[in-house]
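Next up: the structures, one after another.
Shared chain: chain A. Partners: chain B in the first complex, chain C in the second.
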Partner chain A sequence: MTPARTFGPRLISGLAFGVMAVFFVIPLIFMIVVSFYQPDPMGFYKVDFVWENYAKFFSSFYYKVSWRSLYSAIFGAVLVVALAFPLVLAISDVSRKWQLFWIILLLSLMCFSEVIIGFAWLILMSESAGVPRFLEWVGLWADPRSLSPSFGAMMIGLVYLGFSIVSLILYPSVARRDRSIEEAAVTLGTPPAMVFFKVLLPTFRTSLISVTLTMFVYLLGVFVMPTMLGRPKDWTMTVIISDKALGDANLPLGAALAVVMLIVTVVVLLISALATRGRQT
Partner chain B sequence: MKTTTSMAKIAGLLMVAGTATHAEELTISAWGGFFEETLAAEIYPGFTAETGIEVRSIAQPEDSTWMTQLMAANRAGQAPADLSLVVDEVLYRGNEVGLWAELDPANMAGTEALIDGYVKLNDAGNAYAVGALAFYTTFVTNTDYAADAPASWAELWEPQWDGKLGIVTTPNSGLIEVTAKTFFGGYEIMETREGLEEVIAKIAELKPQVSLWYRDEGQFQQSLESGELNAGLYYHDVTMLSIWDGLPVASTFPTEGGIVSDAYWVVPAASENIASAEQFLDYMSRPEVQAQMALTMGVAPIVPRDSLDLSDEDFAAVSSDIEPIRVQTHIHLREGDWLETKYQEMIAQ
Partner chain C sequence: MTSLRNAYLWLIAAMLIAPFVIVLGVSIGASKNISFPPEALSLEWYTELLTESEWLLAIGRSLFIALCAGIISTTLALAINYVLWRTGSGFAKLTFALGLGPFLLPPIILALGASLFWAEVGWYGRMEATIVSHGVFFVTLPLVIIARGFAALTDEVVEAAQTMGATPMQVFRTVVLPLIAPYVLTGFTLVAIISVNEYLIANMISGFVVETLPIKIFNNVRYGYSPVVAAASMLFVVLTVTGLLILSRVTDLVALFGTEKDE
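Let's look at the complex of A and B:
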């Protein structure tokens, strides 16, 4: 109505854009610029414009590691959502008091640092103190071996990291869902066990896909779990980029690899957006 | 190289922001964890007592990370610390881009006590770094699982470890030099890329035995002490501390020698306290301070043996008379990305 009414929201959104520009776009531009610099093994880097850092990506090694990153992140994301969604459904059916308990528990899991979580799992999976020793004690495993490092150990770490986030994203809409549809399905003869597949999954399809994609991007950037719990052949691009940029102080190569991964991520997101768009009702 | 926690990295990043400008205070950084804590508790107070210059001790992260931070700070005209402890690779790369301030040997007469070559001169013939200490990387074992100390580095390749070795991921750990000296008769093979590939192929034979290729020393140490790992490459000084704590570990200098690394003190070019820093370097070079560092930190002194007031037993605890294996830094710098990528591919392929 009055100018002041419309000015306020604009100021706020303008501020948000400003913050985005300063904290996101500028570092991104800087990274792209550095990716064209000439690395100098004797010094640091020379300001230049060369494609050599990008050319290196197409050696078989980085190519292979990129695939590894993609499938670990996709597999991890699907696994997290597949585990978290049923849990959230179960939580939404218990009493208010217990719902609060679960939400606080999930929130508090997010307070731990990745390093602490990694160390905890390392000890849990070690043969001297963890689950293998316990299995030996109960007589289920005669010759216990450490369960990490392994692909499975890394996946457990990734699922642990993503679990709270996915649950808390899904919880509000799941808790507020219209239960009369499920009741109607049961009344019309759908076996209760099938309600999950016939009613709940289709209802939440869009949010499940979007939370899976969110998780995919998140897990693509995880560094600690692959290094602590994974084998060298599970190391992802994040690990390699950090080794290049920090370990070898080769910022241009690290930046170029990061830019390529960014492009790959955007392409994957675009493809999945296009693939799911047509089927929306 | 000697940091154990990410906290140190964070601390390092934070410290970039605040620099000391007061002349009577020096900000000195060292590898976070035991090194930085012991220097601050045992060594710096003697310097402060003598000169009245206060020392603010800060933790610095792993070498290359710290170098990256120093470079960025230098561009902004800042020095995160007035003095920093760096290994030779960082020393040379920093010198190449003019990261270090020039020092005047006339103001640091004490440095004459050091073994020759520990005062580093740049192309113009001016001093830019002073040796701080040396440390060894040795063949470490868990004595519960490996009762006999290994005699040769070749024993790393024996199948007895049952997949329980821990090895550093970076190519400058000294393992390339160990392999060259143990199996190829010396460092000459490292002069060509074909030779380096042969050495790396030999290291690749270790892969089935290695369950941990580590970046984080804390993870290796914890695994070795618990028996999760039975042997590997690790720092002699830290292992000696574990032994004194009664843990079942041993550190052995094999017949081919332990891997020695030198650490140097440098003054970032943007520091405003060069005169005080020179006083500090003068103090740290004295044989009695070198002996004190050997006793409290377990590091090897860099002054001649006869100038030290150390018993044979104390000396043997921190060093060895066996000719050490030395990381061929010039080759690592020359081959740079090629070598790093080859090595990383060998491990992670």
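Let's look at the complex of A and C:
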């Protein structure tokens, strides 16, 4: 092609790169810069270079919050994948009409606002509507109380939120799988549970690990579920970051906490990438 | 085995749908407090939702932001994919990889970065800031979906057009665009739906001025509850599901998200 003809694509690609760089990369870099600034109680921040904001992270309070964020995200991610994988396997076997039903259901849930899902569960676990009232009506619970806010309610919210995403990520590879080995196993009389553990789990080990890590990162960043369904002592790092940045107007501290979270995220993504690559070669 | 499978499917479907059945019940109940099952039916909360100006304003703002963000996202995704498809250059690959980034990071990080950035630029609290950030952060989904469209393009049609003397622009307009249009539309719809539903980023960039529907619902749930929230939630559910149902008429969602196996 003549140079004049390749100028167009270059211009388009330069523009697109520019937009991504300015509105995605620069804000992240700026956030790292702000994490070294001094907080200013009167306004946003004072330009400076201090490690103070990071030093605060190594206090018992943030240590506890980080630990709590990590275990609720890990626990949630494992639970989501454990529930979603069998579902996706089941969906891949039903008729095309029902597959479409499931995809629309899962897509809808993926799109629904965290706010709405949180609100729906809030009602479902309240004492005047939902599960406690149902148990009272059935006669299983004489003195029903609201089930939220609690750690359990928050976990249910997290699992519900992640469920549709994991299912939709796993679905394509599960639906396209080579079925010859499982069919052979079934023909030879292997019990279904054995097929699941000896054939299907090993086949999808890599995608299951990588989707669990993706989910871990996702759940680390959920904001609405802990605030709506959890108690203050269940609040995760995301809530604390937002609280520091908006509530206390301590932007440098919020930025420093977000940078720590960014580092954890990048490490997890790198592990995930390595795990997947090891498999392909 | 089949019955066990179906039982699991039904159980999960019930668990996934149950919360919204309750919300529906609350939204059509006459009681001012949350109660289910409703004792008397009433459409009062829907009337309030669709006549009170603060709710209408929030709905209007959300829809406007979603429309603009959808246009920005799909334009970006289309541009990146087009260049990657035409040149396959390393720079185009890098731009594509950059576009995958926002999906991989926890939204709180994006939200805080964007809010600091817009404060520095001087657009903090403006609707344009929310629109641009939504548009850029949600680029991943249309990027991946439109890439599937380009992957399905065969070289023959393009070569045929070129042999007939079509310029790159003509090839793009008359061959490429019609063939990838369904993918572009899918990407646009998904971004618009996600933007309408998004809370955290919108709230951190301009939530105290530009109150979108999710922000309004959140504030309402936290500081003084009214069943209008249930009606607003149902409106969301209906908008989202309708959008997806229309989409399923236009494109083959099963093929797009899964497989072409049982043809």
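The definition used in the following text is that the second predicted complex is superposed on the first by the 240 of 281 C-alpha atoms of A that agree within 3 Å, B and C clash if a C-alpha of one lies under 4 Å from a C-alpha of the other, contacts with A are read in each partner's own complex, and residues count from 1 in each chain.
Note that contacts are C-beta pairs under 8 Å (C-beta built on N, C-alpha and C of every residue); 3 or more make two chains touch, one makes a residue touch a chain.
In this text, all values refer to a predicted model and were calculated from it rather than measured experimentally.
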For this session: Following the overlay on chain A, give me a clash-or-fit verdict for chain B and chain C.
Result: clash
Problem set entry | Which of chain B and chain C A:Ser128 touches, first, second, both or neither | both
Problem set entry | Touched partner set for A:Pro41, first chain B, second chain C, both or neither | first
For this session: Report for A:Met228: first if it touches chain B alone, second if chain C alone, otherwise both or neither.
Result: both
For this session: Based on the superposed arrangement, let me know which partner A:Leu253 touches: chain B (first), chain C (second), both, or neither?
Result: first
Exercise. Is A:Ala275 contacted by the first partner chain B, the second partner chain C, both or neither?
Worked result: neither
Exercise. Just chain B (first), just chain C (second), both, or neither: which does A:Pro192 touch?
Worked result: second
For this session: Pick one for A:Ser146: touches chain B only (first), chain C only (second), both, or neither.
Result: first
Problem set entry | Of chain C and chain B, partner touching more chain A residues | C
Exercise. First (chain B), second (chain C), both or neither: which does A:Val65 touch?
Worked result: first
For this session: Figure out whether A:Val94 sits in contact with chain B (first) or chain C (second), or with both, or with neither.
Result: second
Exercise. Of the stretches 217-225, 235-243 or 253-261, which one of chain C hits chain B?
Worked result: 217-225
For this session: Pick out the shared contact residues on chain A: the ones touching chain B in one complex and chain C in the other.
Result: 44, 113, 115, 119, 122, 126, 128-129, 227-228, 245-246, 251
Exercise. Which positions of chain B touch chain A when the two form their complex?
Worked result: 5-6, 62, 64-65, 67-68, 71, 92-93, 96-97, 169-170, 211-213, 215-216, 219, 222-223, 226-228, 333-337, 340-341, 344-345, 347-349
Problem set entry | Footprint of chain C on chain A - complex, ascending | 5-6, 8-10, 12-13, 15-17, 19-21, 23-28, 30-31, 34, 44, 83, 86-87, 90-94, 96, 99-100, 103-105, 107-109, 111-124, 126, 128-130, 133, 160, 163-164, 168, 171-172, 175-176, 192, 214, 217-218, 220-221, 223-224, 227-228, 238, 241-242, 245-246, 251, 254-255, 258, 261-262, 265, 269
Exercise. Along chain C, where are the residues that touch chain A in the complex?
Worked result: 1, 5-6, 8-9, 12-13, 16-20, 22-23, 25-26, 33-36, 76, 79-80, 82-83, 86-87, 89, 91-92, 94-95, 98-99, 101-102, 104-117, 119-120, 132-133, 136-137, 139, 168-169, 190, 193-194, 196-200, 204, 214, 217-218, 221-222, 229-230, 233, 236-237, 240-241, 244-245, 248, 253-254, 257-259, 261-262
Seminar exercise, completed: Listed in rising order, chain A residues that touch chain B in their complex are 39-44, 56, 59, 61, 64-65, 113, 115, 119, 122, 126-129, 146, 149, 227-228, 232-233, 235, 240, 243-251, 253
